[in-house]
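Structures incoming, each one as structure tokens.
Common to both upcoming complexes is chain A, partnered first by chain B, then by chain C.
So, the complex of A and B:
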């Protein structure tokens, strides 16, 4: 692993150089239109958007309103075109987005979500759409120095400066950045602009990490349920928790790791497309059968699925839980459901039943 | 190049939705009388204008028509007594909605054409084709590329309201204890203090034992409209519900009673005198000109009605609405489309709305699929139009949809605009009279409009 240092001025030069080289550079940008800022009251959303200059990057950003996920796994995507020509169906593959892309300034939570998505879309079956974009993506992470009240990355095995998912990780240390080059992809991006980077010398991120963790309100390691969920399955605690849940999709759609999707056909008489759209286990329709039977008939069943998928099933299949502690679902939930507290509550309930 | 060719050869494509008994026969009469008129119109026949749902109009535009005509029997001539009169009310409001979104009204026409008015039909079609020709090809329902319209009229920045006196909390607890203790209600839906990351905020809570009633609180952070839980199956199973409700929330409860979703006797309303709630550190927009600081309908009243502060007379959103109306349709379109384009269809707007209780929602019906479920601009525009439309004359302006939208769509402006139009046209404000019919489910023979030809 290479370790370098970079001044703020050179960081901007580097970014502008990446843009000029023809790469698509995606970074946190404050949206400028008539919409209202999601919750921050600052009058504009911060979202990952392609930039044409380093000056467009939202300077004071703590966390984007939506995670980076939308660039690897878009909310809607055409996976198949078809036409009827002379009475015969003609299938056409859509073009897969293979633009060489650099994702800038993902917080370590958002970066850590990418390997989680990789294990799903690049596992036993390689999803061509996702993996094409993924192969062409280089991730430049930015350590987090201002954890927000909702954040709990340290409770799910990460930290405000953790490297997971980043090809390069920048950590602000004093007036400069410590640059940790973690992969070959990252090395390529740095080597092309070698004169902008100096040797890291004795620059370390330890102090930054400590200070950031000290600011974090919630860091007690969260329990998981991979061993205990079958006993917990019918526990009344689910209904108690989920009574408040209104069954919208804000949590799943603002989650960097949620990856469920729906397949729909949109067609006119002679042509159509098949789309892959985001879907959410909180919706009643998610498991509704054509017969009318719904194996998850109430919000309690659906919310249980959300929690156990993240903290039990995924862990069983892929060896880690499916939450990076970004806390977006916590601040965006219309009624203040807090997954950190929910998991603790479920764990307490499981102690009561003695599992 | 391709565009130029298309524009040179472009002919307006117009769909006419007409009723079976009058306009269809009228159009037929034009044909049998050998009257010539522009061939740009495709006619779709319905039993009655009352059956012509605005969804059809949205669908037609979505599929690329340049103009729409809706036509049926003259008032008084409806073969089903009053279908056209109900339709007229819808058209009055729907047309305003489409105008506000930035649809050029030269593309959307309404007419009364009777079975004998073949000549009127021919003349009408010729006129409309010309108007649509002048308006040009309809904008595609895609993200505009020429930049987003900003809104220039700003909202008032009013600091948080005074905290309500702590007696409110203790009174609510006492009432809840009594209601639960006597078994009058099975559960009290109220607010409790949020913990952890949301310290300082309030959050909905459900109390079903008298000894738990001390969890309940009331303060200026009690923003949620709890009426949404009155139709929630996990809450309904407790039986009769006690609910802590501000005036604005009570207006939603009135709506639920009006629309037969709940019975008045199935809910015990703990009405709270409220001087306003806080969103993003300032007084919520809905509170600035609140007409119901003192609850108008309740079973138990909490707080001192004489403590309310005077209320501004003008709704704070009206200045922004007036600003948008001063722009061209294209500029308005460019205000809305960038916002709709980033809608992710989480349906939080629907989930928090007490009046969005339909099971299933129109967005979930797929035979036929009226609203594309995909979060692309076409699907999102259709969804957001129909959400606003279905709340016209019903939305009480609680503002919850706007508060929770994760991508900042100004749903409040849409809802407020329709509330203004409904009040202007039908002198009706939702949420006050549980026995009144909702304005778009009824009609008057003398409803006024100035656009139906």
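So, the complex of A and C:
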């Protein structure tokens, strides 16, 4: 691993250099026209958007309103085109975005979500739509110095300065940045601008990490349920927890790791597309069969799926849990559902019955 | 390539055409069809691409995504055995959007087909064993491919019992081919309808499938039981099998969770940590007993 240091001035030069070299650079941008809903009262949403200059980056952002996910797995996407010619369907493969892209300033939670999505969309039956964009993406993470009240990355095996998912991780140390170059992809971005970077010397991020974790309000390691989900499945605690859930899906749509999707056709008489759209296990129709049978008939069944998918099933299948502790679902939920508290509550309930 | 945004800024953008699209179906022509009941139809399909027709292979018990362009996709079992290649058959019940559109299609028209997906019945492990197939209603469709496979490889198995049951005579599928199954040496065919579902000229049994099966006194020795039907029937079949002395490892069934991708990605069909589309749809009673009740 290469370790470098970078001044603030050179950071901007580097970013502008990347833009000038023809790469698409996507970074947190405050969209002032983006309407209402920003939680910090400064107006506009902070979202990942392509930039043409380092000056466009939202300098004071803590966390974007939506995660980077939409650039790898868009809310809606055409997966097949077809035309009806003389009564016969003619299929056409769609074009997929293959722009060489640098994702700048992902917080460590959002960066860590990318390998999670990779394990779903890669593997056997590789999803070319996702993987094409992924292969063309280099991730530059930015450590957190100001964890927000909802954050709990340290409770799910990460930290405000963890490297997971980043090709390069920047950590502000004093007036400078420590630059950890973690992959070959990352090296390429640094090597081309070698004169902007100096040797890291004795610059370390230890203190920054400690200070950030000290500021974090929720960092008690969360339990997981890979071993106990069977016994927990019928526990009355789900009913109690899910009583207020509206099934609106905001938690899933703002989550960097949620990846459920639907496949639907949209067509006129002679032409159409097959699309995949974000979906959500909290929706009542999600598992409804045509026969009327529904394996998850109530919100308790559905919310249980959300929690167990993230803290049991995914862990069993892919070896890590499916929550990076970004806290978006916590602040966006209209009824204040808090997955950090929910997981603790489930664990306590299971202790009560001796699971 | 460069795209100019609304604000007049130039943004780099390049695209490539997808070349290994996992969602792209094969095109298939409907070459034959047969009505099984008033709402259930069997289609015979042929691949448009002769090369695919030559090479396409599957295992008994696997399923596929069938699609009507402009309407959508839906999941059916591949209802014929790989011992009968060159075409695909599916039997479907008209219950909703896609199945209704499919029902409107005519011979000569084209539909989409992607697959095969999922696991399959371990027919090699069953060699030398007695086989019992018990299907209820549309559930018999899930067994047809594997039954055909075992009938076509008759010598590899001990005696075979097929119980095809339905609520009423009118709901019984594969009426016209049951005689063919019965003719195979060492095969016993029993058909049954629920009490009240019989017609005056009904020559089969009357009774609920699990009861009829129990009355046949099938021995569990060196035997495999494969059953599929509505959830309630499966539940009572599993109980009947237990009373008859079958071990859960000897009993197979299939699950039908709602599906979209068929590839273990879309998150739709899981039962606990297992995706029915990848780890299923075939499960033993022993496996089912360990799964959370999410189906």
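Descriptive notes on the structure:
In this text, the second predicted complex is superposed on the first by the 353 of 355 C-alpha atoms of A that agree within 3 Å, B and C clash if a C-alpha of one lies under 4 Å from a C-alpha of the other, contacts with A are read in each partner's own complex, and residues count from 1 in each chain.
Operating definition for what follows: a residue touches a chain if its C-beta (ideal position, glycine included) is under 8 Å from a C-beta of that chain, and two chains touch if they have at least 3 such contacts.
Predicted model only: the values in this text are computed from it and were never measured.
Of the two partner chains, chain C is the only one that A:317 touches; chain B does not reach it. Of the two partner chains, neither chain B nor chain C is touched by A:16. Once the two complexes are overlaid on the shared chain, A:187 sits clear of chain B and of chain C alike.
Applying the stated contact rule after C-alpha superposition, one finds that A:274 touches chain C and leaves chain B untouched. When the shared chain is aligned, no partner comes close enough to touch A:118: not chain B, not chain C.
Residue contacts after overlaying the shared chain place A:264 against chain B and chain C alike. In the superposition on chain A, the residues of chain A touched by chain B in one structure and by chain C in the other are 262, 264. Within the complex formed with chain B, the chain A residues making contact are 31-41, 44-45, 47, 65-66, 75-76, 148-150, 217-218, 239, 242-244, 246-250, 252-254, 262, 264, 266, 268, 275, 277-278, 280, 283, 285, 298-300, 327, 330-332, 334-336, 338, 340-341. Remark: chain B residues 63, 148-151, 194-199, 201, 203-206, 224, 228, 232-235, 280-282, 335, 338-339, 342, 344-348, 350-352, 360, 364, 369, 372-376, 379, 400, 402-410 touch chain A in the complex. Listed in rising order, the residues of chain C touching chain A in the complex are 5, 9-25, 27, 67, 69-73, 95-96, 99, 109-110, 112, 231, 256-258, 260-261, 263-268, 270-273, 290, 292-295. For chain A in complex with chain C, the residues that touch the partner chain are 22-24, 50, 52, 79-80, 82, 84, 87-89, 91, 93-100, 120-121, 125-129, 132, 226, 229-230, 233-234, 259-265, 267, 269, 272, 274, 276, 279, 281, 286-291, 293, 295-296, 301, 305, 308-309, 312-314, 316-317.
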